[in-house]
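Shared between the two complexes below is chain A, which pairs with chain B and chain C, respectively.
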Partner chain A sequence: MTAFLRRLAGHVARGLAMIFVVATISFFIVRNIPGDPMLALYEKLVTSGMDPAAASQAVRVAYGFYPSGSLWEQYVDYMGGLLRLDLGTSVTNPGAPVTGVLAEASKWTVLPVLAGTLLSFLVGVIMGVYAAVRRSGRLGDILAISGSLLHGVPQYVLALLLGAIFGTTLAILPTDGTADILIEPGFTPEYIGTLIEHATLPVLTYALASYGGWILAMKSSVVTVLGDDFILAAELRGMKRSIVFRYIARNAILPLFTILAISMGLLFAGAVFIERIFNYPGLGLMLIESVTNRDYALMGGAFLLITGATIVANIAADLLYTVIDPRVRSGEEAAA
Partner chain B sequence: MKRLAAVVALLGIAAASACSSSGNTNKSASGGGSAVYTTIDGTKPGIDPNGPANPFAPKGNSFSGYNAMKLAWAKNHLTDPNQFYPGIAESWEVAPDNSSITIRLQPDNKWSDGKPVTAEDVKLSLAIAYTQGSTAFALQPGAAGAAAEVTVVDDKTVKVTQDMSNPSQTFARGVLDTAVVPAHVWSSVLPADIWDKIKAARGTDAAAEAARTEITELGKKIIAHNPGKDVSAGPYVLERVNPSAALLKKNPNFYNAANVAPDAVQLLNYTGNEQVWNYLKAGKLDSAPFVAVPADTMAQIKQTPGNVVVKGYSPVAVGLAFNQSKKPYDNVHVRRGLAYLINRAEVQKIASPEGGLPAVTTTGIHQKAAAEWLGAELNNLEPYAHDVAKAEAEFKAAGLTKKDGKWTLPDGKPWKVSMHAPAGFSDWLAAQENIKSQLIDNGVDAEVVTTADFPLYQTEMAEGKYDTGFWLIALGPAPYNIFQRIYGSANGWTNIAGKVTHNAPGKNGNWMGSAEEIEVEGLGKVNPGELTAKLNSVGAEEQKDLMLQLAKVANADLPVVQMWDYVNTQFQNHSRFTGFPGDDHDLLRQPHGVWIQLGMIKKKA
Partner chain C sequence: MTAVRIDGLTVVYKTPLGELPAVRDVSLELPAGSITGIVGESGSGKSTLALSLLNAVQPPGRIAAGSVEIGGLGDIVGLKGERLRQARGAKIGYVFQAAQNSLNPLKTVGKQLLDLGRSHGVADLRALVREARELLGRMGMDGARVLDSYQHELSGGMRQRVGIMLALVLNAHVVVLDEPTTALDMITQATILKIIREIHAERGLTTLVITHDIGVVAEVADRLAVMYGGRLVEQGPTREVLASPRHPYTRGLIRAIPRLTGDIGLAQALPGRPPTLATVPREGCVFRERCPLRMEVCESVDPPSAAYGERLVACHATAMAGATREETA
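This part shows the complex of A and B:
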């Protein structure tokens, strides 16, 4: 237990140091992106019909939401705010706290990406075992080819394809947003139904795009395990096929759990293209908008959230391994 | 099993969060058999479900013409910027010397919470206008067309006087184009002495500067303000919003509610043109404002049952602007040569087949408005029709030479026309690619450079980094705004409180780099920046004369080659509703909520 706590403390310390470094780097990168949002806003207002003098004043008001002072002063303010978990206020949504904007966008990213990841993991792992066990047969070939194909197709191509088939040609699934506005929100079958209906294509796209990786990784892992002595011993002892199969799966899945844990950290990185294509208002769409508007606080907050989640997931993956793999645990205990 | 339960619980929490997040209320607006009008708000891509019902917030859920009302709706007439449709104001009267406007409110209009719309609401809204920046409510001392006094005449009448030290012809427009909010909801955001602060801010001393700073800070407060439940004086009131759409239900207290046919309006969210195309192809939208559409997509949209495409005047054009600080674009013969060499009809056909008309010539004015402003004189201007021989003659006059079929600079160095456009502006990029092909075919080397995005494009252009780039011009209907685009700050002229100064090429945002005075045949030496500034204040007849002079300058000197004049292409679906405005109707330039509030749109029998 002491070893575990010591390991955890080390991870947390390293994680905090990494977050500090990432926050610093992202602060300076974000604020050095070329392009003046004020000029762009002025141009937008004037070309939408506003008088130039009025546009200048309107821009001055909007400009008030941008951080002021020298870069160093802004950095000190930013890091001070970070300690209080205050990421500043958004310019795109003037005056709104960045933490609130991120929280709102996060749920629309986490929900489909989590569902897509779990779905693809489940199907990919099962199919991966079959692909490995039946690797000399037609089924194994088909599964392996499908995995390679889907692994190679970019997310946005899949999204466009599924959107065209189910959203436009067959017109059976919506491709616009999260729910039908005409349905009253609440815990009703109707409303939950519309949420699921709208999430189907984003989830399906994400699941199909990640499925290839899982099936290939699982197949490779199973093939490695199949060559282990304990499998041969089990077969020689005349164990039932289903029990041997369980032995194989349990041992082969260990490395995939690590990948799964790291994938969880990427939940917040989301799927920019999928959200853009299906107009799904998650972090990806928010990030595009914040870059276009040079919303420094929002951009910085989003980058921090994504990197922070990845760091936490990596720590969790490392700790998880000690829990699920007795060999690692006993090794640590012996060392302690 | 425990792990599975944990996953299910996690998903449940997420679903609960999603279920509970949406909507400002939990009432449903759609009853059985109700008529819901479906559209998009062309000015608000990206609906924010957490945005306040605040007409001043860029991401607010106040939608112009539906639950956000102005005193009146500007018609954007070809030549007269002061024509309006009624809104909160039933009528208005402008003093003969343009020194004041008296506004009478709709007598029976009420806010959605049942309180009457009064002159005090308007007065508070005009105070807010000072915090946000507006032509008539500018704080800079000496600003053109600024209001001097706001007086409540009676419960339904307000009088606004103009500061006649620097009057503007567009004063009435500046006043009427003001959003009106309920005083009983918004008064707490402004200090009680707001009018004293406004008065102080219009001075020239240090106290005035301090007051201006204070009012600008108030502007931020206004933008960020969340008034809670929507209180609207328009035909609709916000019911709920989710990331897919906003739902507005009919406001029974609206003065013309009896003639408002749709029971509810849903404004669908979109973040890019592709989504609007998909809505249109699916026949979901009862109407949609202008959206650039490629030819093949347009054909698909037209095939959808009920879909109708209508076209009208759009007061904007696009041109290829030159940086005259860079050689050889400082030479007018080079600019003219390029004007002759580029086949504008071909460019428009490739780049904007449905959304534009090839420019008949370069005047700086949209061709429809130019016909009104210039009359027969328009035909006397050089049309710069596609003519390779004339182009070559101009290039030779500029000292360019042709070697091995390629034009080179007078010093023998190679010449490459470098054109810039921001990524995502597909029509501009398609146009420039076509121009590039045309130029290369005629011995002028050319390239198209894409800039990452619009803010970067604006910055680099203002810094004078580009040789040439596309630039929106002819922004009507106010004549000053039209020519301000080519003889304003981008070309060196700064107009502060009616005083015009000129910055040297390459300085203070003068990226076009014109000289301060230009010699024009028949006009002599003219200062186009000063002529442009005068457009603000002179009477209608003198305006007409100035517009002609400036058109002649723009035509002869070519700071910009006008490529195409935009056409307001809109979409309607006549399956569910009728009464839509047809081709060339001035209501096509209004938010579609104005069609509904005026009682035009009817349910299909």
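This part shows the complex of A and C:
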């Protein structure tokens, strides 16, 4: 147990260091993007004849925020705020703290991404086992080919295709927003129904886009394990088929957990395209808007959140490994 | 009494060139309570023969002809499905080469032992664990600790002893050991061979040891069979075969062993290379390409196994020499 805690502490320390580095880099990159919305407003007011001091005051009021001091002073301010989990105030949503905006947007991304990923992981892994076991038959061919095809199609093309088929041609699923605006929000069957309906296409896109990869990864992993000596040994010892199957499955699924963790972090990047296409107000759409509006605080916050999610997913995967793979566990004990 | 009778066994592998025999028309009897050693070079078909004893030839291979009668089981070649599975492990134990990882890396030895017990419907799992601990202790290990270990926590020699334990713990009376000491250092090898001999005697097993190392056979086997190109070319009591080999291949093998004392040049490598599935001659003697006693008849006629006392030798030259001796006598 102490070894586990020590491992966790090491991860947290490394994770915090990474967050610090990412926060620093994104702070400077974001502020070097050409274009400054406040300057634009300020200049507009001045050219329209307003007194520079009054214009500056007006901008400050409009945004509730005005950068002051050198870039270095702003940086120290920003980092200080970060320690208090204060990411500043959003410019596009006047007065709203970035953390609140992020939290609001997150719920529309995290749930669909999680649902889509887990769905495709489960189905893909099971189909991957079939593709491996039946690899010399027609079923195996079909599964492997469909996996390769789906794996090769970019997410946004898939999103457009699904939108065209189910949203336009068949017109059975909505492709816009998170809920029917005519339905009163609340914990009612109607509202939950419309939420699910609106989430179907984004979730389906996440799922289909990664499903091909899971089939291919699981297939090759199972084929490798099938060739391992201990599987033949188990058969020659007369082990029950169900037990041999468990031996195969547990050994084959191990390497996939790493891929799962990494893809969890990366999927937020995919959300940028998919939320845009389905006009789904999650983190991806928020990121696009914050970039368009040069909303520094919001952009920085979004980058931090994506970094944080990736780091947490990796830590989770690593800790999970120590639980499921005894070889990793004892390596830790030996090092301790 | 014969515990295992292999009769006319032919195993073929499917290749782009058609089905090619890896084991051809092999007949061998394992007397109850004996240790039989099979020696041969890589690719001679000895591992395929070993797998045939459990009817476990892996695709693309298959047993094309012959039978393997095992006492109390009948012909295992005819067994299928559940009955075959139950015979494996419970009636016939199989020990893998130590270099192969024959254990699930994610489970402790003890948990795999329980899986084995459940697979074979063992009612008293506690007794099974006790038995396993005793067997491991018997082989010089701390049974409780080994059962609590994962494969990666055990050395090659320890794994091999675990393999032997798993093959014996269900009370199998026929045990097949495939290259049991390959990849082990000399001292561990000696320990393992001693253990095999002791447990064999203690439990009255019928044992088949497959190896490419004549030294291993000389150490443990009562009887010796020499395999070449999928054929058994000579078999008989170990001492006799080693002292006066009759088949030119056996003679070549023994001459090729370097001695601890004397000139290294005394060891003579067998000229040429062993045949592969595709290059084994389809007719005539399989050894003729490397044989110093090659004759015309060897090209076309497969030499039948002829008995010389307790010995069986499949060689035209040996047969002729025997005949001449009889004529002159």
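Remarks
As a convention for this text, the second predicted complex is superposed on the first by the 289 of 336 C-alpha atoms of A that agree within 3 Å, B and C clash if a C-alpha of one lies under 4 Å from a C-alpha of the other, contacts with A are read in each partner's own complex, and residues count from 1 in each chain.
Quick note on the criterion: a residue touches a chain if its C-beta (ideal position, glycine included) is under 8 Å from a C-beta of that chain, and two chains touch if they have at least 3 such contacts.
Bear in mind the structure is a predicted one, so any value in this text is a computation, not a measurement.
When the two structures are aligned on the shared chain, A:R14 is found in touch with neither chain B nor chain C. Of the two partner chains placed by superposition, only chain C is touched by A:D228; chain B is not. By the touch criterion stated above, A:R6 is placed in contact with neither chain B nor chain C.
In the superposition on chain A, A:G167 makes contact with chain B only, not with chain C. More residues of chain A lie in touch with B than with the remaining chain of the pair chain B and chain C. Once chain A of one complex is fitted onto chain A of the other, the partner contacts of A:S56 are limited to chain B, with no touch recorded for chain C.
With both structures placed on the common chain, the touch criterion links A:W108 to chain B but leaves chain C unconnected. In the superposed model, A:Y247 lies in contact with chain C only, and not with chain B. In the superposition on chain A, contact of A:I324 is made with chain C only, not with chain B.
On chain A, the patch touched by chain B and the patch touched by chain C do not overlap at any residue.
Chain contact summary for the complex, chain A toward chain B: residues 34-37, 39-40, 43-44, 46-49, 51-62, 64-65, 92-96, 100-101, 104, 107-108, 110-111, 114-115, 118, 167-168, 171, 175-187, 191-192, 195, 198, 276-277, 279-281, 285, 288-289, 291-294.
Against chain A, the residues of chain C that register as touching in their complex are 54, 56, 58, 85-90, 94, 96, 100-108, 115-116, 118-120, 150, 152-153, 163, 166-167.
Only residues 7, 10-11, 14-23, 26-30, 36, 43, 46, 48-51, 57-59, 76, 131-135, 138-140, 143-144, 170, 174, 216-217, 219-220, 223-224, 240-247, 266, 268-272, 274-275, 278-279, 281-282, 315-316, 452-460, 462, 472, 475, 478, 481, 484, 488-489 of chain B touch chain A when the two sit together in their complex. Residue ranges of chain A in contact with chain C, taken from their complex: 228-230, 232-241, 243, 247, 250-251, 254, 324-327, 330.
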